[in-house]
Amino acid sequence: MSKAVRIQAEDFSQDDEIKELKGSSKRMGGIGTFLGCARDFSEGRDVSEISFDAYGSMALLEMNKLRSDAIAKFGLLDARIIHRIGTVNGGDNIVFIAAGAEHRVAAMEACRWMIDELKQRVPIWKKETTPEGESWVVPHP
Amino acid sequence: MSKAVRIQAEDFSQDDEIKELKGSSKRMGGIGTFLGCARDFSEGRDVSEISFDAYGSMALLEMNKLRSDAIAKFGLLDARIIHRIGTVNGGDNIVFIAAGAEHRVAAMEACRWMIDELKQRVPIWKKETTPEGESWVVPHP
Amino acid sequence: MIKVLFFGPIADRMQMRETQLEFTRGMTMQDAIAHFSVQHPSAFSIVAFIAVNQTQIHDKQMVLHDNDEIAFMAKYAGG
Amino acid sequence: MIKVLFFGPIADRMQMRETQLEFTRGMTMQDAIAHFSVQHPSAFSIVAFIAVNQTQIHDKQMVLHDNDEIAFMAKYAGG
């Protein structure tokens, strides 16, 4: 059993995560997931790699709270949130959100809400390496 | 390479599907998926197994059209749709939809649209086996 | 000959998945419906969609052609 | 002592990830901000959030306690 909320350098398997999510209830009829990946192009520039820095202890607290909030708000049976840190290349996985519910609408709405909230609440920073050098990403308001 | 739209008796791997989806573009920043699974409880009754029948040739045509429509409507980079037929048990996978786009909103909205449309457009029928016997599921309007 | 297909709940009520209907020039979908629904009213009471050659059709006055594949279908319940 | 943390773009501008601030009775978050922002105006120009013991705080008049862990953070860019 891996934890339902994690920050880690290594990649993850969606099959493994979904298997663990399903394990929590046979009532689960719908699972929505969001997978964020590294694009090789951003704001008009080529991106060769992306590095993530995190305030690990606070980020984990916030991600756990976000998971609990989503379970309560959408009546989920279970949810998982994983964010990678360190350096990734084009096409690599960055963040994975999964929400399992009895019915599909709650699962998909919760999934969308969690990734939107994660971007607002979780202390993680992203640096892109382009031909012009490195730069920290400034999120749009 | 497996086909992007399939009807099959055997289970599938989300890791494999996502890998193929990602293979179509390095511009892909967000992937939304929906996984429908067999619940062990429906409309107040225990369900021991679910069987699916399909008008295979028409279902494949409709699913391919649905995928093309979603790619055009949401500006996706790629999408995949898989539906199992035959008999499944509680917890088993039934249907998988994946939508990949440059940004997350299009990916998640397309995913939700595709599963809603699939239920309307694709000639597949579902029979639940309960302690009271077998019955074909009548979808709510 | 016209190939006639039944699936899921309709196949159960028809007690068959496939049959044939002799083609006659000028016959319409309404003629095919009349042919089967008299003998199988229970099955035809749940027909919600009709397809000709894997495409859903809405006009029952549509003229059929030899070797067409038609399907009488209940409400879909996939996903 | 108060443990002071910097991450991402602010760590780069501070040229350090962690430092300490001597604790004095009655000191507030505003005192801590004043201490660092005078020496590191470029880093502090992008501070968007402040946390005390892993919890975001909004009141700069908040009184600090010995052994608190505080963090000065730029806008988040995860996901």
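Going by the order they are written in, the chains are A, B, C and D; count residues from 1 in each one.
By our rule, a residue touches a chain if its C-beta (ideal position, glycine included) is under 8 Å from a C-beta of that chain, and two chains touch if they have at least 3 such contacts.
From a predicted model like this one, the values you see are computed outputs, not experimental measurements.
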| item | value |
| --- | --- |
| Most distant chain from subunit A, judged by the mean position of its C-alpha atoms | C |
| Centre distance in Å when subunit A and subunit B are each reduced to the mean of their C-alpha atoms | 22 |
| Computed distance of Cα centres, subunit C from subunit A, in Å | 48 |
| Centre-of-Cα separation between subunit D and subunit C, whole angstrom | 73 |
| Averaged-CA centre spacing for the pair subunit D and subunit A, given as whole angstrom | 26 |
| Per-residue overlap in subunit B, given as positions that touch at least 2 other chains | 36, 115 |
| Where subunit D touches two or more other chains, by residue | none |
| Every chain pair in contact, whichever chains are involved | A-B, A-D, B-C |
| Residue ranges of subunit C in contact with subunit B within the complex | 5, 7-9, 11-12, 49, 51, 54-55, 71, 73-79 |
| Subunit A - residues contacting subunit B, complex | 13-15, 18, 22, 26-41, 90-91, 102, 104, 107-108, 111-112, 115 |
| Subunit C-touching residues of subunit B, taken from the complex the two chains share | 36, 52-55, 57-59, 61, 83, 94-95, 115, 118-127, 136-139 |
